[in-house]
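In C-alpha cells below, several structures.
Across the two complexes that follow, chain A remains constant while its partner is chain B and subsequently chain C.
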Partner chain A sequence: MNLRKYLNVYKKFLHTSLASELEYKTNILVDLITALLSLIGSIFLLSIFFQNNGYIGGWKFEQALIIQGIYTILNGITNTWFNPNLTEIVKHIREGTLDFVLLKPIDSQFFISLKKINPSGFLEIMLGFFLLLFCIRINQINLTLSFLTLSLITISCSICILYSLWFFISTTTIWFVKTWNAIEVLRSFLYIGRFPLNSFSFSLRVFFSIFIPIAFITTIPSEVFLGLSQLWKILLEVIVASVFLVTSRKFWLFALKFYSSASS
Partner chain B sequence: MKFNLINRKILTLLKVQYSNMLEYRVEIALWAISGIIPFFMLNIWTNNNLNESINISDVLLSRYFLSAFFVRQFSVVWVVFSFEEDSLMGKVSPYLIQPLNPFFRYFAQHLAEQITRFPFALIIAFFFFIFNPESIWIPNLGILLLSIVSTFLSFLIQFLIQSIVACLCFWTEKASSIERLLFIPTLFLSGLLAPVVSFPSYVKSWIYLTPFPYLIDFPANLLSGNETNISVGLSMQILWIFLLFPLFKKIWSEGTKKYTAMGS
Partner chain C sequence: MVQNIIDVRNLSKSFDISSKKPGLKGTIKHFFKRQTKSLKVIKDISFEIKEGEIVGFLGANGAGKTTILKMLCGLIYPSEGSILVSGYLPFRRKESFLKNITLIMGQKQQLIWDLPPIESFYLNASIYDLDKFEAKKRIKKLSEMLEIDEELFIPVRKLSLGQRMKSELLAALIHEPNILFLDEPTLGLDINAQRNLRKFLQKYNKETNATICLTSHYMKDITSLCKRVICVHEGAISYDGKLDLLLKKLSPVKEILIVCRSEEDAIKLENSGFTVKNKIKNEITIKIENDLITSSLKTILNNFDIEDLFINEPPIDEVIGKLLINKDYEI
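Let's look at the complex of A and B:
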C-alpha cells in the first residue's frame, strides 16, 4: 500500500522532470558527446599508462578496462540521479524552500533524493554496459548464475555507498549552507576510482579504503568480474554499504533537527 | 587624466571583488583541495615506475605534477557559469547599461579569487614537500617570472575561450554544457593528468598545434625545470590570444545586438 504510493509518486517525478529536461534538446545532445569523449579520454589515459608496461598494480590493460566500465556506469548513475537532486538540496536550504518539502506527507529523503532526473546520464550508463560486455568477451569470462548475482550484489552495494557519500555531504548544507565545493572535492576523490586500487601507494590505499571507501566502489566489483574476489571482501562490502546507508539516514534525521527555515 | 580613471576603475573592481572573495574563504579552500588530482596521478606514475619509459626521473616528475597543480590553481576559469546564471536571472541588463564591459567584472573576480587562493595553494604545496622532501627546489628568478607570465597567459587563453562560450548564452541559454564538453579535451590533453611528453606519437604529432599543451604542460615544464622550448611556447600562447581576442569581440558585439532583456 505504502510502497504503491511511493511508486506512483516516483512515476510523477519521472514524468515532470523528463518533460522539463527535454525542453533543452541540444543540451542533451552536447551532454551525450561529452560522455562519449570522456570515456575515450580515460581509455586514452589508461593506454598511456600501459604503453610500456604490461601490468599496473597487478592488473592487465584488459582487466583495468573492467574498472573503467564499472566507473562509467556509476558515473552515469551519479549524473542521472545524485548530481541533479543533491545539488538541489543546497538550493532548497539557501532559499528556504526546504520547508515545503518537509510539509509534504511523504518522506523528505525520498523526495529530495529522487525528485529530478537528468536523462543524458543514461548514455553513460549504456556506454559502461557496452564496455563491460566487451570486457567480458576479451577476458573470456563465463556468465554463470553465481557470477551474475555476485556482480549485481557488489555493484548495487557500490551504488549505495556512492549515494550515501553524496547524501552525507549534501546534508551538511544544513549547517554550512554552501557545500557545492565539498561535492567538487568528493568528485575529485572519486576520480581515482577509475584506476585499480593496487596501483596506488600503501598510504593512499589505506586512506581510500577507510576514510572514503572508494576502494569498495569500483575495485571489488571488478575483482568479482575476474573471479578474484574472496568471499570476505564481498561480505565486507555489503556491511560497509549497509552501515553507510543507515548512517546517512540517521544523519539526515539528526540534521533536520538543526534546520531553521529562512525566516525564523 | 583618462589613464587615472581607468586605473581607479581597475583598483576599485579588484578591491570589491577581493573583499567579496574573502567572505568565502572556506569555499575557496575547498576549491583548492579539489585540484589535487595531479598528485593522485603522480602516485600512479611513480608507484608503478612508469616514468622510466619516458626518461623522467622521479624527482623531476614530482616537480612537474606539483607545478601542474599550481598552474591549474591559477588558471581555473568559471566565467561561463557566472555569466549563464546572470543571463538566466536577467542580471546582464543592468551590467550592459554601465560604461564597462561586464567581462571586466568577471575578470576582476577571477584575479581576486586567485589572490585569495594563493595561501591555500601554498599550504597544499607545503604538505606535498613534507611527504616528498627530495623534490624541493627553488627555480631561479628569471624562470619563476617567466612561468608566472606563462601561467597568466594560459589563464588568459582559457578566459577568452570560456568568454566566447559564455557569449553563446545569448543564443542558447544553457552554454555551460558546451563548456563541459570543451573541458574534456582540456582535462586529458593539457598535461594535467599525464605530461604531454608521455603521449603516444600519433597524438604528439598534432597536439602542439592546438592550444591544449600550452595551458598546463608548457608552464608546468617551465616552472619545474623540465625540458621545454621557452620561446616557441610563449609565442604560441600569445598567438592563441591574438587569434581568440578578435573572435571574442566579434561574438560579443553580435550577441549584445541579439540580446533581449527579460520582459521586453
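Let's look at the complex of A and C:
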C-alpha cells in the first residue's frame, strides 16, 4: 500500500467534503446546536437517575460522567465519519454507484469508509473531550503516562469495534439491499452505552458483553479512567477489537464477490 | 499485426431472480417465502476486440449488453467462461488493470454534486497518483478537446445535462485509460451535445488509439463511431461483424422514387420488369437490390425520359429495430 498516495487522497476527501458541507451553512448551524442540546439533555437525564440515590451499579454521578464523556466522543466520531459514509454504502449498492468505487485503483473499504466527513460531529468530539477533562479534575485522576496510553488504547479499540459492527451491517446490503432498520437498531443499542454496565441486570450484562459488545465500547475505557480496570479486560478488548476489524474486512471482500451491480 | 486487447471465451452469467405474484396475497407469500430462479442472462458468448477498435454493442433493453460491459471491466464475476482484458483477469481488479480502463455510464454520475467539477478532477487525479502539475496539464488538454472552460468552476448541480456529461467524461479520462467502456453515454442529451460527444470520442480514439466498447440506443452513435458491431439477443451474440455488412444483409434493397416527364413514361417503366412499390401519376417508386443499383439506374436513364429521381435509404433505426425485436431474424 502506497501510504503517501493514501494520505494525499485523504487530504482531498477532507477538502471536498468540508467544501460540500460548507455550501449549506444553516444545516451546519442546526447540527451544531443539536449536538450541544443533546449533550445537555444527556447530562440532565443522568443527573435525574442519580438524584435519589447517590450510586447506580456502584458508580457515583461524577464517575458516570466519564462514561458520558466517552460516549459523547464516540458519538461525535460516529456522526463525523461513520454516519455520512457507512449509511452511504446502502445508497451506493441500491443505485449501483458502487461501480465507480470498485473501478478506482484504491482500496474500496478505505474509499467508502472515509470519503465524507460531517464537520458538526467535531463539536461533539470536542465537547466529549472537555467533559473528560472536567471529570479528570472532579475525580482527582492523576495524569500518568500509563493512564494516557491505556486510555488511548481502549478508546481506539472502542472506535474499531463500533466501526466494524456498523460496517458489517452495511455490507449485508449486498444481499439484503435495504438495511436501514438494522443500523437504527445498532444506534439505539449504543444509547445504552451512556450508562454503567453494572446498572443492568445480569442477563442484559451478558447480552451487551457477548452479542452486542457495548460493554467494551464505553465501560472498559471508563474503568481505565478510574483506575478500576483489570489487565485481562483491557487485553480482551484489544482482542475483540482486532477480531471485529479483521472479520469486517474479510466479510467485505467476500461480499464483493456477490455484488451484482444495479441494472441500468 | 494489431493485437487482441479483449479476449472472451464461452462466457456465461446467471443471476438469481425472485418473482412475486400481484396482490396482497402475493406480497405476503413473497415476504415469507421467496421464489427464486436462476436466470442465464449471458449465454456462452465468445469474441475478440483488437487494440484501437471501436465496437458497438447492439441489443434491445435487457438483452445483456450492460452485463457484458460490467464483466469486461471486472464489476461482475462471470459464472462460466474466461475473459482477458489487456492481459488481466478483470474481476481481480488489479491496480495496474484499473489504471488502464474506465467506465462511463450515461445514467449514473461520479462527480461531487455540490462542488464544481474541477474538485472531482483533482480528487480523481490523487486516486490515480498523478501530481498536481500533471493533473493540471491533463485537465487543460481534455477540457480543450471537450470544449468546456467556465463550467469547470460551477457547482455540478447547476450544470446542464450536456455540460455534466462532458465533465463526467473528463473525470473518467483524467488517467488516460486505453480501454473505454461506455454504457449509453449520450442518454438524454440534445442533438448538439450528442454530436459533440461523438466528435470528442472519435478524436480521443484517433489521438490515443484507445479501444472503445460502446452501448447505445441512439443509432447515430453507433453509425458514426463504430465500424464493427456485436448484436446481443437474449444473452447470445446474433451478429458480430462490420456494420455496413449488417445493414446490407438486413436491408438488401433500396427504394428509388422516379419522376417521369409524362404518365406514359411511368406506365412504360412500370411494365419494364422492375419491382414496383407504387405509382401515382408520373411518379413511380421501384425497389432495386443494392448490388444492382448502378447498372439499373444506367438502364433507366438511357431508356426513359426522367425528370428527377431520389434514392431513399431505409432509416437505420428501422432496419436495426427489426433485428432487435425479431429473435428469429436471419442474418
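Here is the rule we use: the second predicted complex is superposed on the first by the 262 of 264 C-alpha atoms of A that agree within 3 Å, B and C clash if a C-alpha of one lies under 4 Å from a C-alpha of the other, contacts with A are read in each partner's own complex, and residues count from 1 in each chain.
Here is the rule we use: a contact is a pair of C-beta atoms (placed from the backbone, for glycine too) under 8 Å apart; a residue touches a chain by one contact, two chains touch by 3 or more.
Source: prediction; values computed, not measured.
K.L.:
For A:Glu184, using the defined touch cut-off, is the partner it touches chain B, chain C, both, or neither? Pick first, second, both or neither.
P.N.:
Once the two structures are laid over each other on A, A:Glu184 reaches chain B alone.
K.L.:
Thinking of the overlay built on chain A, is A:Asn27 touched by chain B (first), by chain C (second), by both, or by neither?
P.N.:
A:Asn27: touches chain B, not chain C.
K.L.:
Given the touch rule stated above, what does A:Ala19 touch, chain B (first), chain C (second), both, or neither?
P.N.:
Only chain C is touched by A:Ala19; chain B is not.
K.L.:
Decide which partner touches more residues of chain A, taking chain B and chain C as the two options.
P.N.:
B
K.L.:
Is A:Leu102 touching anything from chain B or chain C once the two structures are fitted on A? First, second, both or neither.
P.N.:
Only chain C is touched by A:Leu102; chain B is not.
K.L.:
Check the residue A:Lys257 against both partner chains and state whether it touches chain B (first), chain C (second), both, or neither.
P.N.:
In the superposed model, A:Lys257 contacts chain C only, not chain B.
K.L.:
In the superposed arrangement, does A:Trp232 touch chain B (first), chain C (second), both or neither?
P.N.:
neither
K.L.:
Per the contact definition in the header, classify A:Lys5: touching chain B only (first), chain C only (second), both, or neither.
P.N.:
second
K.L.:
Just to be sure I follow: which residues of chain A are touched by chain B in one complex and then by chain C in the other one?
P.N.:
24
K.L.:
In their shared complex, at which residues does chain B touch chain A?
P.N.:
Chain B reaches chain A through residues 24, 26-27, 30-31, 33-37, 40, 43-44, 47-50, 52-53, 172-174, 177-178, 180-181, 184-185, 187-188, 193-194, 198-200, 203.
K.L.:
Quick check: in the complex, which residue numbers of chain A touch chain B?
P.N.:
Spelled out, the residues of chain A in touch with chain B are 24, 26-27, 30-31, 33-34, 37-38, 41-42, 44-45, 47-49, 51-53, 56-57, 176, 178, 180-182, 184-185, 187-188, 191-192, 195, 199-201, 204.
K.L.:
Okay, in this complex, where on chain C does chain A touch?
P.N.:
Within the complex, chain C touches chain A at residues 15, 66, 70, 73-77, 93, 95-96, 98-99, 101-103, 105, 107-110, 112-115, 119-120, 122-124, 126-129, 155, 183-184.
K.L.:
Can you name the residues of chain A that touch chain C in the complex?
P.N.:
2, 5, 8-9, 11-13, 15-16, 19-20, 23-24, 95-97, 99-100, 102-106, 257, 259-261, 263-264
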